[in-house]
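These are the structures in question, set out in turn.
Each of the next two complexes has chain A plus one other chain: chain B in the first, chain C in the second.
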Partner chain A sequence: MTGAYPERLWPSLRAAFCLAVIVFLVSPMVIVAIVSFSSAPFLTFPPPGLSLQWYRKLASSSVWLDAIATSATIMVPSATVATAAGTAAAVGLARARIPGAGLIASLIMAPMIVPVIITAAAMLGVFRAWGLQGTRAGLILAHTTLAIPYVVFTVLAALRLVDDRLESAALTLGATRWRAFWRVTFPLILPAVLSGLLFAMVISFDELVVSIFLSSPTVRPVTVQMWSDVRGDVDPTIAAIGTLLLAFSVCALLLETALNRQRTRPLETAGTGPKTGPRTGPRTGPRTGPRTVPRAAR
Partner chain B sequence: MNDRGDARAWLVVPAILIVGVLFAYPVSWLLARSVTEPVVGPQNFKQLIETPVYLKALWNTILISGSVTLVCVLLGYPLAYTMAHAGERLRRLLIFVVLIPFWSSILVRTFAWMVLLQQKGLINKTLTDYLGLIDQPLTLIYNRTGVLIGMSHVLLPFMVLPLYSVLTRIEPSLTQAAASLGAPPHRNFLRIYLPLSLPGLVAGGVLVFVIGLGYYITPALLGGPGDTMIAQLIEMQIADFGNWGLAGALAVILLLGTTTTFVFVSRSLIGVR
Partner chain C sequence: MTKGLLQLDNVSKVFDTVTAVDRISFTLAEGEFLSLLGPSGSGKTTTLQMIAGLTHPSSGAILLGGRPIGPLPPYKRDIGMVFQNYALFPHLTVARNIAFPLEMRRMRRTEIARRVAAVLKLVDLPQFEARYPQQLSGGQQQRVALARAIVFEPKLLLMDEPLGALDKKLREQMQLEIKHLHKRLGVSIIYVTHDQDEALVMSDRIGVFNQGRLEQIGTVEQLYEQPTTRFVAEFVGETNVIRGEVRHGANGCCTLETAEGPLRGRAHHAFTIGSAALISVRPERLRLEAGHALRSDGDGIPGHICEVIYMGRLRKYVLDTQGGQKLIVARQVAGAEAKSFAVGDAVIATFVPEDAVVLQDRHEQGGD
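The block that comes next holds the complex of A and B.
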């Protein structure tokens, strides 16, 4: 038998180790935020005092304001289109019988898997020939493409938990296919769609590698401006803009967590407790309705 | 009603068009450069193999990614274990803490490490001035140490999250049974718990390794001249030399390394039909 010591020692050692790992994970972000409020004229930690001078400098800098405006005008259309196209694709993949569905899913997911440096170089080469390099349109199109897999992934996961028979029931009660989707399925997957939208927004706003390749001095998103400044002279203005980027991400994450909690509640209880069974209906239940329709029907 | 069922298949068309035209076509175009530029033939791959600088960058890429994977396993396993066995509130808090870096900009996080690791940064200041442990500041940035610290920080969530999801599914009665049969804790862990957690460990490890292979921003900002990885080489070939053929060849190698490893585990990770 092991003595009492190791048994008490291990959990406390593990707790201390985990605390250290958490500090490792979180402290860099906290330090950027603290430095951004520094009163010192250069980058130093801990700051000698607090001030808002770097935020004031940011607000009066046309370069940074332009960059923020550029990022926002890229993010809104790209996140919107990615969410619409991604949600539609997820519904199609989950509900319709499509020949070669696995291949199509792999194609749509590919931008998430292929290293982004390859995507960036490839887009530069082709977009240049199409006259899209260095334009806002080019960046919008690029960010849309990068975000689609994340939306598809999120919505697809939600659709697996929604029983297709609900829609069939609406159809037998006389609803049109269109109406049945918007009134029955869509409200159920809405949290996931919004999650996907948040993902798409964060991906666009934080995207750097593709943007480096596709931007120009006149069309320059925040991250690219920050990238060129980080490599030159580093002053706390960068910490201020970095803090704003972090705040954007944390807000998105908080929203997503709230949505997610709503979305996966039934799943969580089914996973941890003995309540499995009826909750997993869509998977275990007998398949009836449109699913059994032979492919040749259309 | 029934014949409308397949009309929903058309919903995938917009996404296919966007990804096909704006992603698949450009990537194929780039990969094709490897054997068509400047002339048709394998000259670019030949040049890659014969140039020591390029070979060293390929080796660096594998070595750095491998080391980062190891660091992430060592840091991530205890954290994932604690998350899986914590109470509801602590668990939610820990998941949130792991997700913050997951969601925040890689550039901002790398910048944070530049602030922390520099010659007069917080870490060196603590070691020299506050604690007096060392006289000379350590060189923590623009070398391998900086790259490993920065990349482990960025990639740790990719290790912790898949591992955590596997650990929560391990039946507690199995380790309880082993304990009641007299297995001491370390043996119980090594013989029962660790083998059961292996799928999560492999999934997380492969994910970290594969994502690490293609990393660009973190090594570019925190590494030195000796830490050039394949992604930086691709950028250099295009931006500095306009050598699309060699860039294409490097892309082929990176993509082969990534996809073969990823396809290996993707079925269990994504679960797409």
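The block that comes next holds the complex of A and C.
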């Protein structure tokens, strides 16, 4: 009895602790989401009734719509550039014999480790000198820098799982280095590249500190707009925009998880599942027709 | 063996300070099956990669069809290669894996389809074109890798321990299939292996590698009957090696003074009187006679039997010789009447000098 008691006690204690942590972490977000549907004219919880008025207000507010548009026009180019540059850097670091590769890797990773406020202050100084402070281009550049390490990290991990002899084989079969990469290596790391792209998008969309330093009244991303609103008149519009941001991040993460599952799952089911390989260039293969796999023929 | 397809001329490869391949030269005839045999790390795979163009020689020249291919990147060499782990593209079906080299050559789609179907038939995998590599067994993956390497009809096919991952029975079956394929296609093959049986079964000639050097290259029979170094004698088949000093040598025969007494063997080059040398005798070339004194013609090594191993077709005897050596004798188990010896019997192991080979003692000469 004395032996069995703690054995049953520990799992339940552990479960309770985990639950407490989850509640602590998740409840603010849930409360924000609930408040965004409030019928009250100010931030109260629990809300007296439900309403979509704050979303309606959001949709008709030129300030918020401008801010969302600004965020989007920063996010798309910065995430694209970060993904392309980060993938190229990862391939170089993983495959090429570059002297000082370790140093280059740590420099690329620096924005992840250096406190954001330091990065922000440094960028402010440099960008002001370059005339980029308060411009869209400046924010795109800054967000790209912040996102690259995440892309490099994800793609590098995927590259380590891809046997580099596959590229050697492609070379002996008549492919140039360039074609070997696009036809063999790239399809195999594509899920990781897409993960990196999602990370880069989320980082740009959620970024606040650097954006505060680099934004101007004309170029003001959503997060900066929220920041200045929170300090002034607060109404549940802020909860509505917060909920939208949250939904965006959650969707991105869910998508990323789905991609991850695709990547780690052995290709055994690939015959019937969605194609993982991209179609780079025209499909010249002889067999692009129905892909029914005779499973019994083993 | 009419004309040389591939020629290696004093090819070396140095990684940092390690010499992986040390001044290797050989010529491969058109249609020849050459095995590169040696322990792991002896430089055979590096040699193969230099031929494929995946790594570049530090010095020396490689000629394909009489043309130096040093500056040629791998994708312009038209050399097929089968990798140790098959290196099949996991995101492509069997058919698209095999079509890959044809697509790279920008062949027409109908021609690709025709060739893929033909080669799949050749390797006996006709219904597998829509499968992915992971859905195949090891032997099937091996065949796909082979099909992919020959579908563009290269004149030279390189194989890097292609059967290493298969079990023994499948290996033996694939050995024969590769051999038949070689005959049918007339392609030249360089085959890297560390398995001497595999090399013996498949090859026209074998090149034996050791520590980056090509110790000897020749037919199976040449390597077995006329090894030029101790390493080759011991690596190709089993052998007994006895150290001694050269007494006299004439007409290709050489007498060594050893701890077992004077022993004679064939010598393929001149030895200076008084130099250290080795004599190598294969276990199956030794006969056993009971007693202490030599009766028949030939040379004998007296000793006691310390171990008998019955192996079905053969009986292996381990002798403790008077000179303090272990000697292995293999005798066929011919039938009930064949006399056998027991542990403790005093015997003499005899051989005719033509069956023994005198080799240089590299350790003595090199002075390492």
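The working rule: the second predicted complex is superposed on the first by the 261 of 298 C-alpha atoms of A that agree within 3 Å, B and C clash if a C-alpha of one lies under 4 Å from a C-alpha of the other, contacts with A are read in each partner's own complex, and residues count from 1 in each chain.
FYI, a residue touches a chain if its C-beta (ideal position, glycine included) is under 8 Å from a C-beta of that chain, and two chains touch if they have at least 3 such contacts.
Since we're looking at a predicted model, the values are computed, not measured.
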Contacts of A:L171 with chain B and chain C, given as first, second, both or neither: both
Per-residue touch tally on chain A - higher for chain B or for chain C: B
Partner chain in contact with A:D163 - chain B first, chain C second, else both or neither: second
Partner chain(s) touched by A:V126 [first = chain B, second = chain C, both, neither]: first
Chain B versus chain C as contact partner of A:P187, first or second or both or neither: second
Contacts of A:S61 with chain B and chain C, given as first, second, both or neither: neither
First (chain B), second (chain C), both or neither touched by A:G102: first
First (chain B), second (chain C), both or neither touched by A:R179: second
Intersection of the chain A residues that touch chain B with those that touch chain C: 171-172, 271, 291, 293, 297-298
Touch list for chain A against partner chain C, complex: 163, 165-166, 168-176, 179, 183-184, 187-188, 266-268, 270-271, 276-277, 284-287, 291-294, 297-298
Residue numbers on chain B that touch chain A, as the complex places them: 1-12, 14-16, 18-20, 22-27, 29-30, 33, 75-76, 78-79, 81-82, 94, 96-101, 103-109, 111-116, 120-122, 125, 153, 156-157, 168-169, 184-186, 213-214, 216-217, 221, 231, 234-235, 238, 244, 247, 251, 254-255, 258-259, 262, 266, 270, 272-273
Complex interface listing, chain C residues touching chain A: 52-54, 73-75, 77-81, 83, 85, 87, 89-93, 95-96, 99-101, 103-105, 109, 112-113, 116, 127-132, 134-135, 137, 148-149, 152, 158
In the complex with chain B, residue positions of chain A that touch it: 1-2, 6-7, 10, 14-15, 17-18, 21-22, 24-29, 31-32, 35, 43-46, 81, 84-86, 88-89, 91-93, 95-98, 101-102, 104-111, 113-119, 121-127, 141-142, 144-145, 148, 152-153, 156, 171-172, 177, 202, 205-206, 208-209, 213, 223, 226-227, 230-231, 234, 238-239, 242, 245-246, 249-250, 252-253, 256-257, 271-272, 290-291, 293, 295, 297-298
